[in-house]
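As written, the chains take the letters A, B and C, and residue 1 is the first residue of each chain.
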Amino acid sequence: MLALPSPCYAETRKMWHQQEIRLPGVARGFHLITERVEAALPELARCRVGLLHLQLQHTSASLTLNENADPDVRHDLDAFLRRLVPGDLPYFRHVLEGPDDMPAHVIASLLGTQLTLAVRDGRLALGTWQGLWLGEHRDHGGPRRLIATLQGEG
Amino acid sequence: MLALPSPCYAETRKMWHQQEIRLPGVARGFHLITERVEAALPELARCRVGLLHLQLQHTSASLTLNENADPDVRHDLDAFLRRLVPGDLPYFRHVLEGPDDMPAHVIASLLGTQLTLAVRDGRLALGTWQGLWLGEHRDHGGPRRLIATLQGEG
Amino acid sequence: MLALPSPCYAETRKMWHQQEIRLPGVARGFHLITERVEAALPELARCRVGLLHLQLQHTSASLTLNENADPDVRHDLDAFLRRLVPGDLPYFRHVLEGPDDMPAHVIASLLGTQLTLAVRDGRLALGTWQGLWLGEHRDHGGPRRLIATLQGEG
């Protein structure tokens, strides 16, 4: 009978999982998607310690961590960004796709389109007030896709 | 006697390590925390090549990489952000927690609350002038916690 | 004869690869570097599912994902940022390195100097319109270096 050394056995529990997650179209602004993303990833439950990487496949939306409670925080960040990056700046050249397009590209780079999140004991290791936000920065952005890559040990 | 194949042995040196790091309360502004984070992670020394992921558990502070030498750079970024996101914007609705709160949420999303850092030969693979900064964006933010997740091969 | 359990064998295909990539000096503004980075990493082709982490070794340039087609988008983001962070703000103290230096530090933190990208079937798992951009925020930044860390399973 062969007893494999325990370090090697431990290695057998390492995991990589990658999938696409589709998000339905939403209004311009910020939307809490923590529960939706967790529900799409039952593999999370098997991960004792790890990391979840999320990457939007778009350049006019964003992903960010921010407050998960008061919806006014989501309103205020959107209101701030609409004023910070208006659609009618006279030096904008990329205007053929409408006045909401170039501001959406700017905000996508300011906030980012990919995030890595800590995983612990089968769940996202978020702070009490942290939630995952999708920023939709087009007026009619339509459905959005992201690639979720989960790695860790079970 | 059993000789395990070397690739399997190699796998035994893969590592995952996750822990919480507590940072004492600091004044509003940016603070160099490179040495503090490295000192909290003796496991770094065993990691030949890897990645360190850091995630604040808060939504009114930030993590960023920037200059590690002249403290004026930290002053200037804070000064810029205070003017970019003042506390008395008339359209802000989330105002019950004080005029420093909603700006702190905005800045947390602009700069980000999580970072991944390259690890090489037991140390953070930072450029000569790169340091890890904690951004405290509340007037009295108090102690801050972050989750550090280190993975790599030793 | 010893048959190793298949999960252990599977582990033998896990990979870590880390290297420096040197980028030649470019003009101030944004530059598409997707192909250059992929070409510098032939190891990508062996990675079925994984993550590529990129970290600039500098504090006055940036990395971001944004549109890979119309160069006007790159112009417009640069034009926006030059106006958002002018070089002659009266409260800037870090001015000895020239009027383009402190704005470059600000923009490096707004956009970020590190990114993690999903890898699938030997290539970056980018959306149709996504490209990797280098932001050069100095007037004469010179060559730039980044640390690429690739991990995954083959």
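The rule we apply is simple: a residue touches a chain if its C-beta (ideal position, glycine included) is under 8 Å from a C-beta of that chain, and two chains touch if they have at least 3 such contacts.
These numbers come from a predicted model, not from an experiment.
Engineer: Over half of interface residue numbers shared between chain A and chain C means same, under half means different, so which is it?
Structural biologist: Copies use mostly different positions to touch.
Engineer: Through what angle, to the nearest 5 degrees, does chain A rotate to match chain B on its C-alpha atoms?
Structural biologist: 120
Engineer: So the centre of each chain is just the mean of its C-alpha atoms; given that, what is the distance between chain A and chain C in Å?
Structural biologist: 18
Engineer: Residues of chain C that contact two or more other chains, please.
Structural biologist: Where chain C meets two or more other chains at a single residue, that happens at 2, 4, 8, 11, 14, 84, 110, 112, 116, 151.
Engineer: Which part of chain B faces chain A closely enough to touch in the complex?
Structural biologist: Chain B residues touching chain A: 2, 4, 8-9, 11-12, 14, 16, 18, 53, 55-59, 84-85, 89, 91-94, 102, 105-106, 108-110, 112-114, 116, 145, 147, 149, 151.
Engineer: Can you name the residues of chain C that touch chain A in the complex?
Structural biologist: By the definition above, chain C touches chain A via 2, 4-5, 7-8, 10-11, 14, 49-51, 64-67, 70, 72-73, 75-77, 79-80, 84, 110-112, 115-118, 120, 125-130, 133, 151-153.
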